[in-house]
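Alright, structures below, take your time with them.
What follows is chain A paired twice: with chain B in the first complex and chain C in the second.
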Partner chain A sequence: MPDYKLRRSLLYVPGNMPSMLQNIPIFNCDSVIIDLEDAVPLSEKDAARHLVKRFLMQYTDRNKELLVRINPLDTRWGYEDLKVVLPAMPDGIRLPKADTPEIVERLDTLLTEFEEELEVEIGRFGILPSLESALGVINAVGIARSSQRIFALAFGAEDYTASMEIERSRGGEELFNARTRVLWAAKANGIQALDTIFADVGDMEGLRAETELAKRLGYTGKCLVNPRQIEVVHEVFAPKKHEVEYALQVIEAIQRARQLGTGVISLGGKMVDAPVVKRAARVLRTAYAHGMVDTLIDEEAIHGAQ
Partner chain B sequence: MEGLWYKECSNGRRFIIKITPGESLTTRLLQFAHLTDVRYAMIVSALGSVKNVRLRGIKTGARLPITEPRITIHDIEGPCELLGLQGNIVPGESDLLDYHFHIMMSKSSGEVVGGHLYDAEVFATCEIVLTELDVSGVERHVSKVGGIPTIYIDEEAP
Partner chain C sequence: MALNSLGREIPESYAGRKLVPYGDPYSITPSGSVAARRLRRVNPGASKLLSSLREAIEASGLKDGMTIATHHSLRNGDFLLNRLVAEIADMGIRGIWIASSSVHPVHAEIIPHIKSGVVAGFHCGVNGLIGEMASRGELSCPIVVRTHGGRARAIMEGSVQVDVAFIAAPCCDEYGNMNGYSGPSACGSLGYAQTDALHAACVVAVTDNLVPFPVVPVSIPQTLVDYVVTVDRLGDPAKIVSTTTRITTDPVGLQIASFASQVIEASGLLKDGFSFQTGSGGISLAVSDKVRNAMRRGNIKGSFGCGGITGYFVEMLEEGLFGALMDVQCFDQEAVKSIAKNRAHQEIGADMYANPFNAGAVVNRLDCVILGATEVDTSFNVNVNTESNGYLLHNTGGHSDTAAGAKLSIIVAPSIRGRLPIVRDRVTTVTTPGETIGVVVTERGIAVNDRHPELKEELIRRKLPVKEIGELQREICRVTGTPQPLQFEDQVVAVIEYRDGSIIDAVRRVKE
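After this line comes the complex of A and B, so read on.
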């Protein structure tokens, strides 16, 4: 069953900035990615992880998902990041430079070690691999399958374009192929796909356009670099009112069809069959997660036991 | 000798075995060993085809002991060509026969896969040469360090 958790907005917060960390509880995003990697200068790597640990331990009444972007495991900081931060119980780890399934698997086994040491449930910590290179994109399917901990794949366009030696454009046509490959891998494995950041925090229309593109392709969330981007992203990812209304009509129609003993029925002159019902169920799941409907649809009752 | 344990053994009887389609490869081998009073044995050769194979791989970076979170179980429907099977049959806990097998097989693409074998179903045939080992003082126990059953020789502590 697909992950029902809303992850429309994943806001990066530098791990070395106490003032930003303290604001995490009041941000309205779905998830926060506390960054120990690119946002933290080399001279502050050690101090930052302890600062993050202290913050997480104090932040007990949590109202959002908390992820930590560690340094790559092949650096001298990656393992230490895990060692210091995991006892403070983040929800998961964002793994940068996830180029191969083996890199993810290595993190998986390390998390197992720490979970045993901390005496918490195996699988407690999730993994969000970040696919940031041509190699990562090529290996997307294998990466998505490499661990049961993976709840989503994230596409990192900034590093991807750097690895491809190209510039990122406003239209994003140079990203299209990579975006869809990451997306296909996620969908094929029943996990979420999370889109890359939009770096120009002053261009809200550009952010909206890119987010709408990501949504049209099938992404269910977007990584953010500024709290001001949250509202726009949430607006885009929320189902439209007319979409929800139509979905409710579809469900009602298919229930009538089942009572009549048929697999299809007409609604507004259009045939309602299995793919239409599936799409409506997805809209209603999302609407439920957004608080737009009160009841989570019983899909088994609609589709019948598989 | 530092770093290893050993005991001399010699070959006893040798058997050529054919397992028929639909049979569990591991179950039939153990049954055969039991029926022929073979307590220690080694697979010399195995060829044929298999399906519904369950095998295990150890995750990259895993440390000992080998536990469930550190392995990946693969269920391969097949059928696949059986390219090789290695392993031994040694008495385990309560003197019951136990096995440790590793399998190698190929898909229709020619891709070769394999690992630690849990079980496999014979597809068209399975032709095995099994040699009995004349030895004593060797048993299989779960290793505290490794986390898996392994052979122990005489006074070696599990």
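After this line comes the complex of A and C, so read on.
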């Protein structure tokens, strides 16, 4: 079954700064990516992973998804990151520079080994591959299929533009093809697509425009570098009022049909088919997260309809 | 020693005065009349103009043991109090009490004069080094900390008799008409000085901007002013008001502001006629910004903004979001410019602002006030006077006045200050009683006083992170650890007076 977890906002937090780690519980992003890679200087790699472990161990009443961005597996830090951090039970690993399916498969194998050692369910740790080079974008489809643990593909524009030897512009026209290819790979494999960061934390209008573009293309979430960006991103990903109203009508129609014992569901004279139900379910889950509806949808009703 | 209703141990008397323990915010009813002062007569042709500060002190009849007052609208840019005390010391006068509306860090210059006995005590709160040194037992001078409303009350009822009020007048004529709107030391409202001018036995206007008669508009009129003296400079314009007061960009501060604004929306108070006060801090301004947007969205026309006024409130006035501003002190240059030009930007005295013993203070008409805290305890008591190291570093300002007057008082504060939790079992010093606090907002959650059950229910319905205050404390302490209690000596270095004159707490010497 596809992963429907809401991931509108994935906030990066440096793994070497206790003052920022301690604020993780308070921000209302959907996921946090604790960074052991680019944000951490070489001299602090060792200290940071132990700090992150300590933090995760004491952060017991977790109120959001927690991912850890490890260093690439072909560096001398990647494996150590896993070894130290996984016993503290993050929800998943963000794998940087996921250029090929083989790299992801290697991580999958390692995670399975750790799960056996830790005596937790196999598949407990998810993988979020970061497609951030020309090679990664070309291999997007293969990467999306390389592990059952993958719940989304993330596009990383900063490294991508570096690999293409181009500058990133405010409008992002140079990213269009890569963005779309990552999106196709994700959608074709029933997983989420998460857009790149917007680095200028002072430019809220630029952030809004880029997020709107990503949403129009089909992305369902965005990676963030500052908590101030959360509100804008959530606003953009919030469903429109008329979408929520229609989705509620769809659910009502399903329930009505079940009460009548009929398999045929119609709304306003039109058939309600599986894609319509799926879209309505997604809209209502998002609406619930935004406080636009009071209760979560009846999953049983939805899946019964499918 | 006596215990007040909050369980605070206070001395039975202090600096020769018998103390009344705090009981509750509203029950003390005054008796008697407003304190009188002598009549005087100034005949045609007489001049009030004197040539120097020393001449003015001599003319005022200031003697050993008397009380002087200045206002703090020039804030950390004030030169007057330091110059006055230096002059008084040169003249050989001793045992002077200072009843200024506040003493700022810039006034640390008078410390040698406290040590030498020229200054005998303070009828006001102190910001900065004086309080710190008193807390360490290095200064021997009684300090009675008062709220802005409480100070006006004390002066008006005569429990503090100001013998000479020296009023820094940014714009003044030779007959003593003055305002704070223009000149190199412009500070805007002269709200605190208005009370002094009405009740001091002698009033001296001190100006660095003598203008032809008559000054208009008049904030303090000639009928109250005995002498006028000019000086080179009243203060440092760069420090008189903040040049910029900005919305915080700190994500934690913005999170707090977001919660606070949602509390205001959930309270049901944000409707036509809404009245509001905030401070000038970055979080307060962020709350104002969000409230402003909510008012725009809802097409809400507020009644008035109050207190220390900032450019933010001026913009809201000019946009029509408020009908008036009630201004006891201007917090920035935009407010100073506005008070001089906007008819609906009303200058008010401290009495009208917050005195509990008159026929109705403006704070009583407030719907909502946003306040800060250095500590809050699990009974919602708030400390703004002492830091968590026990040092007396801050004045009360209008904190307890507005908390008592407003329908809803909201404390906004980061859950961790330095490395210390903001919520404690027991605050180091009670400034404002918990029974007048509605909600405590931190980035980790919102605690609602049981006195507002409907608001609490509504916030939960809106899925805001409502927590019991003890739960919030435990959550914060999981990050910070539980701090060791501070150790104090028995020696009382200051008493904290509640707005009605009762004593809400005593500040003791810190055990080093």
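In this text, the second predicted complex is superposed on the first by the 244 of 306 C-alpha atoms of A that agree within 3 Å, B and C clash if a C-alpha of one lies under 4 Å from a C-alpha of the other, contacts with A are read in each partner's own complex, and residues count from 1 in each chain.
Rule of thumb we're sticking to: contacts are C-beta pairs under 8 Å (C-beta built on N, C-alpha and C of every residue); 3 or more make two chains touch, one makes a residue touch a chain.
Fair warning: this is a prediction, and the values are worked out from it, not measured in the lab.
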Partner chain in contact with A:Ile122 - chain B first, chain C second, else both or neither: first
A:Thr112 touches, of chain B and chain C: first, second, both or neither? first
First (chain B), second (chain C), both or neither touched by A:Glu102: first
Partner chain(s) touched by A:Pro227 [first = chain B, second = chain C, both, neither]: second
Contacts of A:Glu245 with chain B and chain C, given as first, second, both or neither: neither
Partner chain(s) touched by A:Asp200 [first = chain B, second = chain C, both, neither]: neither
First, second, both or neither for A:Gly291, with chain B first and chain C second: second
Doubly contacted residues of chain A, that is, touched by chain B and again by chain C: none
Touch list for chain B against partner chain A, complex: 59-63, 67, 69-70
Chain C partner contacts - residues on chain A that touch it in the complex: 22-23, 25-27, 58, 226-228, 231, 291
Chain C to chain A touching residues, read off their complex: 249, 251-252, 254-255, 258, 416, 443-444, 462-463, 478-479
Chain B-facing residues of chain A, complex: 102, 105-110, 112-113, 115, 122-123
